[in-house]
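Data first, discussion second: the structure below is written as structure tokens.
Every chain is named by a letter (A, B and C) in the order it is written, and numbering of its residues begins at 1.
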């Protein structure tokens, strides 16, 4: 088995008396899309927050590309190569669509305060390069026509795609997607699924995907991890996890799994 | 449609054409939603004829501006030059604070302290140590940069009203220091006899030269602001204004960026303070207190902080009104005390109807909709 | 005076003025809990409470009547501020509303200057100036009025919130607007009530402090800042905390005034409060900031 790209060991996060994460250890292997599922409030977003440095863990470590990154500041972890999207879409709404992506590429630029104020020659070149690359990512997401619109004027589906474009713009090693399908209709979700499947192949080394849409998770993930009440309760291939009684119990509902199981039984397209 | 309203509508439409500012910035952001055409930043939508007209209008606007600026020099009026100087000084600080508040979204209600720091540094060093003015100004700048860094780092960890009150408190402490450390600042009596600004052998003694110097400093400040805004760090500031979380995730060192813009705006205010000392020749704690900090906020909010011209317009409006009321107040005492009420009322009215400030002048949204409907129905 | 007596005097002064700061802080807290904003015009309500009382007294009214009428007048003014500067901005970002209240405070301040000029004014003490003997020290009776009336007001407010239906409705509204609305509680009404209450409270404080500390048009700003710091030191959102915080600040200020110098006292009290604000933004009794 190849060396994991990203791994956590014994990650614990307590908020006062509440244990949001409890001894969570997982790995993300190169070339894979790891699905992370679990009931609402299970701690999935907290997991992302701790990995990206937005929160400090109470205990445990996060390792990335061979280095320990626990406790490093958010911007440093971003520069090292972990990018993310947010559950409740945090776009820069007053800025244009393309500006959002250019900010995503912030770590690839070098002009600082002094350089900007003095309008040094290198700055023009750098701006042009940043803009070109940003446009490429917009093309990838099909948003190129909206480049100069304020980001807040896009539809939810477009906004989610823009967030992904922004995250990809930094050319990260790992891309963490937090409920990217929330608010999307079926057609949009299918397109998203196809996109996510291409990512570990064409653009990043690995993807972490939090999702509630079971069909998307089963289609797009190579492996799935299940978190319930802060603990990892199952791990494995999507098909196996679906049938795991603990997982079913955690969700307390046949509905969720019927959604995916039923369709899979129809013989619809599944990840090979 | 009622004829008065028709005329008003046409007049304000004409005014919006003359409105300065870079394309794409002052337009109403509420226009949007899928299906609206891209803003005029996109070259596809600007027809060549339109582009020519915009350029002609810009040139006309520039000439008009140059003419206005030249008036005090040409007429050799000490009064006009003095007023112009005060406008210029206020505008420098307003633009500086506008960078911090408008772009980075960080409130500071204590910026007058940095203004005072520059003024007092210049005053003390030139009167007590006979230091050359440029050196004194530089010393003021360095001292301000130091203080702003020490104070800004902890302060900027706070947000919203906490930051506002924290900076307010710091500003008041600074004012108390100015009043109490008599050995250094001469307390309430202030320091008199500050010589005019001097660059080698050129002494900016006359009102006109003083004014010219300040205009040059203002132009420099505006260029600095404009360059910063249209740049990678400027983008980072706008990003963190909207979401510090997301900006951080994009690799922006949020704390550092906030501190840098804070220090920059403080330093610019300090330069304005030094110029103030040279122009008036006298410094006392009074103009550098909490009151002026609040007045700065009025200038920025009323003028608009979305582009570089907004705070200048706000400063001009404020200073002229203040001056007018003070002069008129010499004849009719009632008017002298009216300024605070008017500024307060202006602040509330502008915030309610024109949140982007007067520079983004449009009819308030509700009235505009009614006017458009009336126009389509009647005229 | 012996050092002990001197200390006692400073403490009495500090606690009595501190209670007034606490009232302003409590007023700010009530508005904050109902709206999420810091009302920058709060101190002006205190200033006007004092000024209006002075005017009414000069017109010949008995003291007790002037206080009651001043409180009533400022309550109306507070409602006016809510209607003109806060209500039209509902739904806008918090900073915008705060700036509007700054505008309102300027209008009130300027208005006071216009009507009453820059003079400092004073009310006669409520029950004369003869110091009441407390052991070998003499206590200015007005101080007792200050502490007493302020404590009474605070008590009434606590009772209101704990035992009356309206008070509980306000607390519910503060915790969750939408839930409260579903129960039929009008959040606009709650906001108006919050402003009215805080206006009344703070005006009382202003009226009761004017006999000992002169009042002028510019005093409002001081009270706003001190009131805010009192609320923060106590914990933004906790009314009792604001009162405790106010007393603490008043005491620090008074001790600084007595032992160090009057000129520096303001800066020292501010410095202590700012340090506390930064070290412990949630204050002594506060809960964590409401998640919007």
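Definition applied: a residue touches a chain if its C-beta (ideal position, glycine included) is under 8 Å from a C-beta of that chain, and two chains touch if they have at least 3 such contacts.
Since the structure is predicted, the reported quantities are computational estimates derived from the model, not experimental observations.
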item: Chain occupying the most central position, where position means C-alpha average; value: B
item: Distance-maximising chain from subunit C - centres being C-alpha averages; value: A
item: Whole-Å gap between the CA centroids of subunit A and subunit C; value: 49
item: Inter-chain centre distance, subunit A versus subunit B - centres from mean C-alpha coordinates, in Å; value: 41
item: Subunit B and subunit C: spacing of chain centres that average the CA atoms, whole Å; value: 33
item: Complex contacts: residues of subunit C adjacent to subunit B; value: 37-38, 84-85, 88-89, 92, 94-96, 98-100, 102-111, 113-114, 117, 221, 225, 228-229, 232, 261, 263-264, 266-267, 270-271, 273-274, 277-278, 281
item: Subunit A residues within the subunit B interface of the complex; value: 52, 54, 73-75, 78-79, 83-84, 86, 90-96, 99, 102-107, 109, 111-113, 115-119, 123, 126-127, 130, 146-150, 152-155, 166-167, 170
item: Residue numbers on subunit B that touch subunit C, as the complex places them; value: 107, 154-155, 157-158, 160-162, 164-166, 168-170, 172-173, 176-177, 179-180, 290, 294, 297-298, 301, 334, 337-348, 351-352, 355
item: Subunit A-touching residues of subunit B, taken from the complex the two chains share; value: 24, 29, 32-34, 36, 38-39, 41-42, 224, 227-228, 231-236, 238-239, 242-243, 245-254, 260-261, 264
